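The structure under discussion is supplied below as C-alpha cells; questions concerning it will follow.
Chain IDs A, B, C and D follow the sequence of writing; residue 1 opens each chain.
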Amino acid sequence: MASEQGRVDVSVESKQAPDAVPAKSHPNTCPGCGSHYRDDELERTLRVCPQCGHHFPVGARDRIEQLADPESFVEEDEDLRSADVLGFFDLRPYTERLAEAEIETGLGDAIVAGSASIENEPCRLAVMDFAFMGGSMGSVVGEKFVRACERAAENRVPLVSIAASGGARMQEGILALMQLPKTVCAIEDLHEAKGALFSVLTHPTTGGVLASFASLGDVVLAEPGALMSFAGPRVVAQTTREKLPDDFGLAESNYRFGHIDAIVPRDELRPTLGRLLRLFGAEQ
Amino acid sequence: MASEQGRVDVSVESKQAPDAVPAKSHPNTCPGCGSHYRDDELERTLRVCPQCGHHFPVGARDRIEQLADPESFVEEDEDLRSADVLGFFDLRPYTERLAEAEIETGLGDAIVAGSASIENEPCRLAVMDFAFMGGSMGSVVGEKFVRACERAAENRVPLVSIAASGGARMQEGILALMQLPKTVCAIEDLHEAKGALFSVLTHPTTGGVLASFASLGDVVLAEPGALMSFAGPRVVAQTTREKLPDDFGLAESNYRFGHIDAIVPRDELRPTLGRLLRLFGAEQ
Amino acid sequence: MPSEAEIRLRQRLSKLAGMKLLRGTKLSGELERLQDQLEHLQGEPSAEEIWRSVELARHQDRPYTLDYVERILDDFFELHGDRARADDRALVTGIGKLDGRSVVLVGHQKGRDLKERTKRNFGMAYPEGYRKAIRAMALADRHGFPLVTMVDTPGAYPGVAAEQHGQGGAIARSQAAMARLSVPTVACVIGEGGSGGAVAIAVADRVLMQENAIYSVISPEGCAAILWRDAGEAQKAAAAFKPDAPHCLELGVIDAIVPEPEGGAHEDPDSAAHMLEAAIVEALSEIESLDPEERRTERRAKYRRMGVLAFA
Amino acid sequence: MPSEAEIRLRQRLSKLAGMKLLRGTKLSGELERLQDQLEHLQGEPSAEEIWRSVELARHQDRPYTLDYVERILDDFFELHGDRARADDRALVTGIGKLDGRSVVLVGHQKGRDLKERTKRNFGMAYPEGYRKAIRAMALADRHGFPLVTMVDTPGAYPGVAAEQHGQGGAIARSQAAMARLSVPTVACVIGEGGSGGAVAIAVADRVLMQENAIYSVISPEGCAAILWRDAGEAQKAAAAFKPDAPHCLELGVIDAIVPEPEGGAHEDPDSAAHMLEAAIVEALSEIESLDPEERRTERRAKYRRMGVLAFA
C-alpha cells in the first residue's frame, strides 16, 4: 500500500517506535567490518572505523566539538521545548517520551544551534541529533532552525546545517508538517539577504527534513554511506514490491543522480566547510 | 564522428544543399498513405490528408491565411534582406542562392512577420517558411523575430510564432549562431514587459531555432508528426551508431518526454490560439 | 458578549495556555473568522467523526481536481510536461478563467477507474510532477496570474525511480517556489492532504480546506504501522493526530473551512464546486488588493508563526 | 593619422559599406579597441591560417577548462549535479577565488586520455549539463558572484537520450538564464566553440576568445558534409565560414582576443593561463563598476545588434 510515503523506514525510526527493536549489536561494533572499539578509540578517529571507513553516528554536541573552533560555540535557544498540543497518546503520552529523550540525551530537542567559527571563519551552526526521538522535526526543530537562519542573515555569516533525521515528528501532527514550509520560507528570507546555507546530510536524513531545508543548501554535502531518501527503503519495498538497488538512497547513489555536490569523509568535513566559508563569507 | 551536432539532418536541409536530392514523389502525394490530391483539394483541408491525417507543409503566406482573421494581417519589415557578409561561396555564391530563393518563394527571407488578429484577439505573428533555404535562420530571421517581440511588448499583445526550420544558416557563419542569443534576449525583454509568446513547432523545427526562441514559448504547441530535434536523425544515427526509435524527435515523442504542452491538429490550431489569446490577452 | 462557539474556541485555546503560542500575535484578529467557521461546527470532532472525514476524503466518488476545473474554470488549457523528462499525470497544471480573471491551476489528480488510476498513479506524483508545478508557478508569476492549487494526494510516490529523480529536493523546491511568488496564491485541500507531497503545493496566502478533507503529516495507516505496528489501528492513529479540518483550523494551519453539500462533496459535485468557487473567489479578492511585496512578506510570516513551543 | 592596422580594418569594414551594419552605432567607440587588437595580427587570415586555428583549437595537448581552473582560481570547490537526474562530467561548475573575489565558474571539459575522454564525453554535454550550468548561474546571481565561463566543446551531444531529455530546450534556457543575470559575466572561448552547445554558456557582458580558438555555427566537417557532401572538404568549409578569432572580432561577436604563447597555448600552459587570467580580470574590472540593471540592459543590447542586414 501506498499509505506510508513521506515517512521514514520503520527501522530508521526505531527510536520513535514504542517497542524499539533490540539493538542487534553493541553501538561500538562496526556494522561494516565487525571490528569493536572502545569509546576513546572511536573518539580519536571522529567515530570513523579505522578498518573499513564506516561512519558511526555522531551526536550533536560531539559534532560541534569536531567542527567548531575550540571554545567558539555559543549555544542559543537552549530553553525551547516541545509542547504536546494534540494531547498525543499512543502506548505512552508524548510528554513522557519527550522527558525520557531529554534525560537520555541531555538535549532539549533534536537540534542544537548557536554561533561558532570554523577555521576562524564566523558562522552559525544548526546540528541535529538522531538520538532524540529519531531526529524527528517538530515545532522546536523548525523554530530553532528558523532562528538560526535569521541570525545568520542579521550577522551576515553563512549557516552550516548538519541534518540527521527520520522525518517529521508525527506526535505533533499537522504542525510538524508545517515545519517544512516554515524552514523553507526562512531559507528564502536568508537568500534574499544574500546569506548562504551549507547543508550537510548525515545518516539518516529522510522524510520531511530531506523534503525541506536539508535539500536547499547553496552547497549540499553528505557523509559517505548516509541514507538520504524521502521515503525509507522499507516503505518503498512494501509499496512497489520492487527489489531495491544495493545503494538505494545512499549518498553515493544521490551523488550519481545529481542531488549533492560532494561526498565528504568526516575528517575532511571541517576543512571543506572552512573553504566554503572563505568563499561565501562576510569578507566577500 | 560527433562533428555535426547542432546541425540538422542533411535530408531535412536539402533545400540548402547544392545538389538537392531529387524529390522522391510529387509534393501533393501523401507520404502517409500514398493518396494524391489536387492543389485545391489540399487547400480546402488546410493541407491535411483527409485519408490519413498527414500534415503537408504549409508556406508562410498560406499559414497566415489559415490563422489570421480575414484582412487582419499587416506585414512589417518586408524590405529586410540578407547580406553576404562573409562572401560565402560553396558551389555557388550565397547571394545567388538568396536571389533564387526569393524568386522561387516570393519571400524576402525565411520569415514573414506582422500584426494580425485571431478570433478577434489582436496579436503579432512571426511565421517561418521552410521553402526559403530550408527555413534557415540568419540575420534577417533573427531581426524580424526580435522586432516582432518588441512590437508585441509595445502593443501589449501576445506574439504567435510558427517555426519551420533546418537550423542556423551556415552561409552567415558565426553571425547566424548569434541569432540564438539575440532572439533569446528579445524574449527575456518581452517577458519582462509581461508579454506572452506562443510557439508553434511545425515539421521540421531543428537546430538553432529549436535551441532558441522556438523552445521558449510560454506555451509550446506542435503539429502532429512534426520533427523537432536539436540534432537531426541522420547525424544522431551516424554519431552514435544507435538504432533510432521509430518516433525519434517527433512531436509525439517530445510530448511524452515533457517538452511541449500540446499536439494540436491543424484544424484546431486557430481555435486553440484564440483561446490562448483570450487567456493571455491585453484585456487581462 | 461572546457566542457559544467563541467560548468553545476560547476553551480549546485555553488548553494551550501554559505554552507560548507562536501565532498568538495574530489571534485577536483571527478570532472573528474562526468564530464564523466554528458556528457551523458541532463541537469537538469525536474519533468517529475524524474517521468519517478520512473515509469521505478518500471516497471513490469524491470530486477530483479536474471535476472542479470543468465546473469552475472557463477556457481551461492544460499545460503539459516538465521540459526535461516527463509529463506526470498525477499532477495537472493549466490556465483558465476564474470569475473573469486568468489563473494558473496546479492540482493533484486521482483516477476514477482502474485505467485512469494507473495513468494518474493514484494521485501520487513523481519529482517530475513537482517540477511541472514549479514551471507553471513561474508562468503565473511572469504574467501576474493568481495561482490556485488543489491538494488531493495520499502522498508523493515512494518508489525507487522517484527517489533517484530527487523526490525530497523536488518537494522542497516546490515549496520554495511558492514562497517566492509575487502573485496571489490560494491552496485548497479538497481530499487527502498527505504529508510532504501535499504541502509541496500548499504554501499559499490563503489555505482553504473542504469540510471533509484531511491534511496530515502521515497517513493513518502509516502512523499506526509505526506506533502500534499494525496498520489496522489506523482509526486510533487518526484520532491521535487529528487530520480533520476543524483541528487544522484551530491550529492555524488553514485559513478557512469550505462547506460541502450534506453527506459530502460526492453527493452533489455541482454544489460542492459552487461552494469551493465562492470560497476561492472570496479569498482571492481579499489578497488581490495587497501590494505584491507585502503579500509575500505576510505569506512567509504566516508560516514563520506555525508551531507551538514550551520553555524549559 | 591612422595606423596600417586601422586602415586595414577600415578596408575590411568598407566591404560592408552598402549594408546597414546593425552594430554600427557602437563602431566609433569600438574602433580603438579593434585597432589595438589588430596591431598584433598579420593581415587577413588566409585559408591556411584559419585551418591552423582549427587544428590548434583541437590540439590534444591544448589546456582544458580544469587546467586553467587550477592555475587561475584559489580554493576551487566543484559543484556537482543538476538536482534532478545526473551529474554531467562534460560540463564543470564550481566556485573559486579569482584575484581575491569569489566567482562562479562554468566550463566544458574534455578529457586528456581515452578513459577521461569517455567520462567527459569528449566535452559534449547532455541537457543535464546545461541544467547544472543554470543551477550554478542562479547561485552566482543569488550571492552576487561574477560568472566566468569557459567554452570548449565540439557541440552539444547529438544522441537519442540527449534529444529525449530536451537538448534544444536546455540550450535555449541556458542562454535565457545568462540573459537574466544581474552579476558581471565573462565568457572565454578557449578551444572549440561549437555551435549551440557553445553559445549556451557564452551569452556574456564580455566575450573573450583565445588567439587560436575557433567559434562557429557548425563544425568544418559538418558544413563540408552538407555543402560538398564530403567531410574531407572541411578545410574549404572553414575558409568559407571563418571561425577564427580575428573574424569573430571583426564581426562584433567577441569583445577581445586573448594572446597565446608562441606556437599555441599547449606550448606553455602556465603562460597561457597567465594571459587568460589577466584578460578576465581586466574584463571584470570594466563591468563590475556598472549598475547591475544597466549591465544587463547593455548585455542584451549587444546581442540585439548582432547581425548584418541589407534592404530590398
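Convention: a residue touches a chain if its C-beta (ideal position, glycine included) is under 8 Å from a C-beta of that chain, and two chains touch if they have at least 3 such contacts.
Quick caveat: nothing in here was measured; it's all calculated off a predicted structure.
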Count the touching C-beta pairs: is B-C or B-D ahead? B-D
Centre-of-Cα separation between subunit B and subunit A, whole angstrom: 52
Measuring from the mean C-alpha position of subunit C to the mean C-alpha position of subunit D, what distance in angstrom results? 48
In angstrom, rounded to a whole number, how far apart do the mean CA points of subunit B and subunit C lie? 42
Here the gap between subunit B and subunit D, centre to centre from mean Cα coordinates and rounded to Å, is 27
On subunit C, where are the residues touching two or more other chains? 83-85, 164-166, 169, 173
Please set out, as single numbers or ranges, the residues of subunit A touching at least two other chains. 257-259
A full list of chain pairs that touch reads A-C, A-D, B-C, B-D, C-D
Touching residues on subunit D, where the partner in the complex is subunit B: 15-16, 19, 22, 122, 124, 154-160, 162-169, 171-173, 175-176, 178-180, 194-200, 202-203, 215-223, 225-229, 231, 240-243, 247-248, 251, 253, 299-300, 303-304, 306-312
The residues of subunit A that touch subunit C in their complex are 1-7, 10, 13, 16-19, 78-83, 85-91, 108, 138-140, 142-143, 146, 168-182, 184-189, 206-208, 210-216, 228-231, 235-236, 239-240, 242, 244-245, 248-249, 253, 257-259
Per the touch rule above, subunit D residues touching subunit A in the complex are 75, 77-87, 95-97, 101-102, 128, 132, 139, 142-144
In their shared complex, at which residues does subunit B touch subunit C? 191, 194, 196, 218-219, 255-262, 272, 275-276, 278-280, 284
Interface with subunit C, subunit D side, in the complex: residues 83-85, 127, 131, 164-166, 169-170, 173
